[in-house]
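Each of the next two complexes has chain A plus one other chain: chain B in the first, chain C in the second.
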Partner chain A sequence: MSFIVLIATGLLIPLFYRNNIFIAKMIAVVAFIVAAYFVYQGQSLNSVFPYFVMTKATMIMEFALLATLAAVSLTLTGFERPLIAQMLFLGAVSLGLLETNNFFLFIVLFEVVAIISYILVANIRNFNNSEGAIKAFIAGAVASGIILLGFALFSFTSESFNYSDMNVSGKFTLIAVAIMLAGIFYKLTIVPMHAWAADAYSQVNHAAAAILSGVIKSVVLVATFKAFYKFMIAYPVATVLIFSFFAIVTMTLANFMALWQKRISKILAYSSIAHSGYALIPFAAAASIYSFAGILYYAVAYIFMQTSVFLILNDFRREAGVKFLQDIKGMGKRAPLHSLFFTVQLFSLAGIPLLAGFLSKAVAFYAGVDAGLWPIVLIAVLNSALAVGYYVWIIKHIYFDKSENEAAVKMSAGSLIGQLILLAGTVYFGIVAGNIIGAGMHFSF
Partner chain B sequence: MNNAVMILLIAPFVGAAVAYILGKFKQPLAFWTAEIVGAILFIASIVLFVKHSGTVISFDIPWIHYGNFTLPFGIYIDHLSIIMLLIATGLGFADIHFAHDYMGEDPDQPRYYAKVLFFIGGMILLVITKDLIGAFVGWEFMGLASYALIGFWYHKKSAADAGMQAFLYTRFGDIFILAAIALLYAFAHTVNLVELNHLADAGKINKTVALVAALFIFMGAIGKSGQFPLYPWLMNAMEGPTTVSALIHGATMVNSGIYIVARMFDFFHYTDALFIVANVAALSAFIGSTSALVQKEIKKILAYSTMSHLSIAFVGLGVGSLAAGMLHLVNHAIFKALLFLSAGAVIYIAHHTKDAWKLGGLIKTAPLVALFMAMGSLSLAGVPPFSGFFSKEMVLSAAWEWGNGFTAIFVTIAALLSIAYITRLWVLIFLGEPRNEDIAGSVHKPSNLWIRLPLGILAFVTLFIAIWQSNIVHYIVGKEVVEPEIEGLTAFMLTGMLILFLIVVGLYLKGLNLLYKIASHNFVQTIHQILFNGYYVETMISWISKHIFVNAIAASARWFDTYIIDFIVNGTVPFTQGVHNVFKSGHSGRIGSYMGQMVLGVAIIVIAILIIVKGL
Partner chain C sequence: MVAIDIIFAPIFLSILVYFLTKGAEHITKYIALGWFLVLFFISLSWLHQLPAHGFLQLGTYLQVPAFNFDLTLQVDALSVAMLLLTSLLLILVVFTSWNEKNQASYFSLLILFSGPIFGVFMTTNVLWFFMFWELTLVPMLFLIGMWGAERRIYAAIKFFLYTHVFAMFMFVGFFLLYKQTGYWDITQIKEAALTTPALIWWLMFAGFAAKLPLFPFHTWLPDAHVQAPSSISVLLAGVLLKMGAYGLIRFTVELLPATTREFALWMVVFGLLTTFFAGMLAIYEKHIKKMVAYSSISHMGLVVVAIATMTYDGLSASLYEMIGHALIISPLFLIAGWLHHKTHTWYMNEMGGIMKYAPYASAIFILAGMAALGLPGTMGFVGELTIIISAVKSFGWWIAVIALGGFISAGYIIWSVRRAIHGEPSEIVLNSTFEMSAAEKFALAVFAFLIVYFGIVPQPIFDVANKAFSSFFGGM
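On to the complex of A and B.
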């Protein structure tokens, strides 16, 4: 039901947003609330098709997703308004991606999400936007090719694509899965498939970057874990080696790259890549019973904080032309509300306790320790400490430097409500941990 | 969850935020928000008292539950909690009401009321929580509020310093509580207060660990309740507004140390830590009561008497009588709030004069305040039929029956001396001739509604609560209590008090010349200096901190910091920049090279898989 509501609203909403964006936003928010209600009732796609299953874990992730999408819709203005329709489509497809228990559907829905992301970045207003869009598109196209190659190989060996009765011991399975993973790593921005992301996230419209780096990545994280869980259990050695290697390389490289950037969007882009590195630890620790809780917590926390920082940056860019670190100086005085939200979310990204970012890291890393991967967790913890350097550097510019421009930056009501929703998510999941962990401990397809 | 409990948990913190924000728009709104929230909290406590007498509210919320690791957050409300709730919210409400006039001219009222409500929230959290962790959070909330309120007038250096001192002294004790929590979590696998008592009753807990944990917790209680040797902060805390001293440093927060020992009474009993509790407390009682004899400032006299009376309650617990200790806590909270608020009224009408020697003869201007303060004083002194008499009597007889000689003698001396210092204070303020013409000329009358009414209510309660003493004991302990009867104790105490009373009244009212003559003697002056400076404990602590912690330990840490840590920290900049430059070469911005990297990634994975497959 929620799927139908979202798709139908998405098809209808272009009628409204050209004339009255307020009504369009309200309709979109209502659609998200109705969808959330149906999710709460336990009926999403599973009530229509047999290839979808709703568990408590997916339910929590879907709530976080719908809340974030509603928050994003509220903040969009001006030429970003066509994105509202894409929010609704993305919501619908993501529900499917989260609920599916069929590998074929996973691949198809993954591609649909990729197509939506191309439409998002195609909202081109200047030269930079077009460069980012082209890079995202070409990288996506190559990755799609790689995924399909892997899937073709896989389809030789398995007759069923249901997660529960897939054949995981075929002759080509391991190599097929590895190639598919390589394609999916592009979306998760794992080094060395990350370079497009560093450019695209920082160059496309920041609202689109918020969705690409925050929403889509979180959804894909959870869906990928579910899709590949059986393989990861079947091939423990390969799982630990491959995921640990890419986790370490990704987080280390991204953190060192982020430290010396001058463009704020680039810092946030590299921080997003570094977070993908941390998120690979529960994958490597798939053998641990805490691994799914770790990935679920990571996705739920990450969807709020990463989306929020890019949206605030979008406001800053639109209202005050902020691009570089020096432009953000003195924002604590000029835009107190923006700065407050920005600071809290950056603290959460850095992993300061009582915020979701901390607990998500704690749970994900605990899974790693539980699986005996403490050297990797140690490297991840050191990397987190390194990352605090660039987050705090931004905050230092906001609050402790003076700017020559004193003009106040106003916050629109939509933006304020959207940010409050995201902040509520970050704070709530930073304090109340029981729900997610409880849901994540009972992993099933 | 129970609605009243929900309100008690949430309303103070929400109220604090609302009071602050509304007060920023319109100053008086801060007071009215606080007053309403205070009333709601008090009513919620009364509802609990009426509805849940005889039943225990208990539920567990797993805060973080993860594998073997559980951080519980439970609520446990029994009679002990309800009594503490009534004290915290009732006196909190009276105090907020009183502050209308006392803080009426202050420009920072929103900040004041927000902090007070936050404090009440912390106290409520402490007394209704089931686990040491929740208790610790409440404990620290109170510590934070206390720090912020002592330094409320932060532009005054003495107030800011006093706040800092209170923070450091109490934090020193709190570290031990944290250590105790860790110890209990590791060895007893529970931090549940109720369960710990059960474990102790059943003897299922290692006695050595339990003793260390109990002593660590008592260390925190020493800091919070101003016992020897961590009491100097309590005296300097009087730099804060008098309403704050009344609520936090007289009636409620300083009780939390006693509360935590009472809450874990079986645990303490099992570990034999009560022996140490009793002796430390007896010593503190003696120090407090003797030092109170010679102080000049009204509030310092009351502060030392607070210390002394908290110690008396501790002695009650320490010698094994939960009933005596808790009864004295309840009585003391009420009459000490009355005394502090009366002192606040005196200070307010005398234009913030704190030195008792500059006042005098105030009974003509404020007869009702004098009467109320006299009632509080008599209760504090332990004169029948006021409530203080009964609880003190109970503690003393328990101390003589079950305690050792040291405890019994010191606590008796402290109990006797209380009539001397409180009479001295009352006589100095209200009787005799005005000693300072300027102050005497400008004294104004206190208002009825905002000052006399709360004082009157508290005085009324102080007098009439004496009727229900045995009911209170029964309510807290839950069974009939057999208290030892010591023959002749009452007669001895009353005679002693009468003699001391006559001496003090005679000396300070008629014999000031004789007093000056005695005081000019060298030996007496030395004693006076020792007492006046609180036995120089503060100086000793400062000396130890300076010479051992700062000059020895901190200096070597500084060497390590300068030459080792700084070297590493300074090295991070060139190091990270170097690594960055190496990585940077891969990010040219050319999409062709990016695609090349992707193919490289696929190649890495495929090769790795091939190696693994071959290896297998």
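On to the complex of A and C.
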């Protein structure tokens, strides 16, 4: 039901947003709320189709997803209106991707998400936008090809594609999984498949980048973990080696790259890449019972904070023409509300406590310690301490420096409500961990 | 419910306070003062409710059964002593920053700071302890970065990054504690269950050592303390450094006694190095506030030596010296900052003859300085004497070299008094006006009174120490 509601609204909404974006936004928000209600009732795809199951963990992730999408749609203005329809489609497909327990459907829905993301970035206003969009498209197409190659290999060895009775001990399974992971690492922006993301995230429209780097990445993280869980259990040594290696390389390189950047969107893009690195630690620690709780918590926390920072940057760019670090000097005075939200979410990304960013990192990294990978966790926490360097550097520009321009930057009501929703998510999951860890600990695919 | 409210209410309401008092900024300091008085009296009531041994239960909140994780709040005499010290310093800091600029944000940040700092001393859950520990950095970052002196931004970011990086070692240590015992609560963790106690000990020690700070990890402190406004230096020296010492007592001596005994000599070596090295730097320093900052580091070295004895005497002495250090260093920082504010110079050799123009401040500077070098009748004397006696009892006569620390502090204190307070007034001093507001005078008087009072009547603090440490070693 929730799937149908979102798709139907997505098809209808272009009729409204030509004339009045406010009504279109309201309809979209109502659609997200209705979808969330159906998810709560257990009447999502699982009640209609086979191969979809709803667990408590899935439900929490879906609530986070729908709340974030509603918040994003509230903040949109003007030429960003096509995003509303695309987000409704994206929401619907993401519900499927999160609920599915079939590997074939996982690959199909993954491709659908990829196609929606190409349309998302194709909202081109200038040369930079088109460069980012082309890069996202070409990298995505390459990734799709690689994933399909791996999947074709895998399909020779397995009779069934259900997560529970896939054959994971075939002759080609390990190489097939490795090839598929190479493709999925493009989407998760793991070094060395990250190069497109640094440009795409920073050059496409920031609202699209918020969805691309925040929403889609979180959904793909959870779905990928569920899809590959059986493989990771079957090949424990390869899992630890592959994922620890890529985790360390990704976070270290991305953090050092972020330190050099002058463009704020590029800093946030590299921070997003670094976060993919942290999120690989629960993958490496798949043997631990905390691994799924870790990845679920990470995704839920990340969806709120990453989306929020890009949306605020979008507001800054639109209202004050902010591009570089020097442009946000003195924003603490000019735009107190924006700056407050931005600072809190940046602290959350940096892993400061009482915000979701800390507890999610704590649980995800604890999974690593639980699996006996404490040296890797030590590298990861030192990396996240290094990352504080560039987050605090942004905050330094906002609050400690004086600006040349004194014009106040106003915050629209929609933007305020959207940011409040995202802030509520960040703060709530930063203090109350019971639901999410409980749901993540008792999982079965 | 009151226990959890005192931690979380200031964290969330401080933002509200900021936006509500934006038009009438002077109200904020009264709100802050009122709140800190409430905190002080609540801590005082806990002191009276304390059981003879162990913890006073304040409740368990936010349970996460799957992770065996909850916010357990309980206080023993050691935590209550820290809470009383914290709230007292917060109250006095309101007076010393009575005329601070941008009051709405300044006092909102102070209120915000009071939440996590109470959390640090109130919870016995290791992960929540770490969360509050980290959260104290955020208001401090803004307080140093926005109200500090010329190089405030450098100092604020260095302080934040440095302590954050070292806290990360502690974080992994805490993870290993839980991994190997299955409990987050320090009252339930048993040392015998640990498989790698040495590794955990060193990881945790790195975090505490950077906060204290011990000798090789101390470089953030001179910058942060010098660039911070004086009132914030008071909080840094009086409260944040105490977090490190508190952590050492709680997480090494109490939690891992056997491992700590194994590495106690390392602690002594680090403590002695800190005392001598920082003391030497203080002699060399011409910068008045840097001199005070190094003196503060030097005294924390003594605290670590006292903790390393792991005896009832040593721990009591360390608690006494912790409180004494907070009360002695604070007026020194305040007067050093005030002198800079009036004369616009940091250097003692450019001052001189201040006694003639600002007798009140000079008198209290001399009193606190004498306390810092251990003059009988002040807190410094009792603290240093008990530390030396307990250390000699535990480690043998050679540890008496620690008394050299007292000589070194005599060197820098007396020389600084000679250069800055006495002597011929310099050009700069002659051209300055020395006025002190009544609020600042009041705060300094309270510090001076407490230094002398507890120096003559040390028993109240040792009574608290008796309650705090008797359960460790079977009482006295």
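Criterion: the second predicted complex is superposed on the first by the 445 of 445 C-alpha atoms of A that agree within 3 Å, B and C clash if a C-alpha of one lies under 4 Å from a C-alpha of the other, contacts with A are read in each partner's own complex, and residues count from 1 in each chain.
The working rule: a contact is a pair of C-beta atoms (placed from the backbone, for glycine too) under 8 Å apart; a residue touches a chain by one contact, two chains touch by 3 or more.
Nothing here was measured: the structure is a model prediction, and the numbers come from that model.
With both complexes brought onto chain A, simultaneous placement of chain B and chain C is prevented by a clash. Within the superposed three-chain model, A:V112 lies out of touch with both chain B and chain C [touch as defined at top]. Of the two partner chains placed by the overlay, neither chain B nor chain C lies in contact with A:V34. When the two structures are aligned on the shared chain, A:P353 is found in touch with chain C, with no touch to chain B.
By the touch criterion stated above, A:A182 is placed in contact with chain B alone, chain C being left untouched. When the shared chain is aligned, chain B and chain C each come close enough to touch A:A433.
In the superposition on chain A, A:D370 contacts both chain B and chain C.
Applying the stated contact rule after C-alpha superposition, one finds that A:M26 touches neither chain B nor chain C. Of the two partner chains placed by superposition, only chain B is touched by A:L253; chain C is not.
Judged by the document's definition of touching, chain A residues 290, 293, 363, 366, 370, 386, 389, 432-434, 437-438 lie at the interface with chain B and also at the interface with chain C.
Residue ranges of chain A in contact with chain B, taken from their complex: 134-135, 138-139, 142-143, 146, 174-175, 178-179, 181-182, 185-186, 190-193, 195-196, 198-199, 237-238, 241-242, 245, 253, 256-257, 259-260, 290, 293, 359, 363, 366, 370, 386, 389, 432-434, 437-438. Partner chain C is touched in their complex by these residues of chain A: 290, 293, 340, 347, 352-354, 358, 362-363, 365-366, 369-370, 374, 377-378, 381-382, 384-386, 388-389, 392-393, 395-396, 399-400, 431-434, 437-438, 440-442.
Residues 8, 11, 15, 62-67, 69, 127, 130-132, 134-135, 137-138, 141-142, 145-146, 152-153, 156-157, 160-161, 164-165, 167-169, 171-172, 175-176, 178-179 of chain C are the ones that touch chain A when the two sit in their complex. Within the complex, the chain B residues that touch chain A are 62-67, 576-577, 579-580, 583-584, 586-587, 589, 591, 593-595, 597-598, 600-602, 604-606, 608-610, 612-613, 616.
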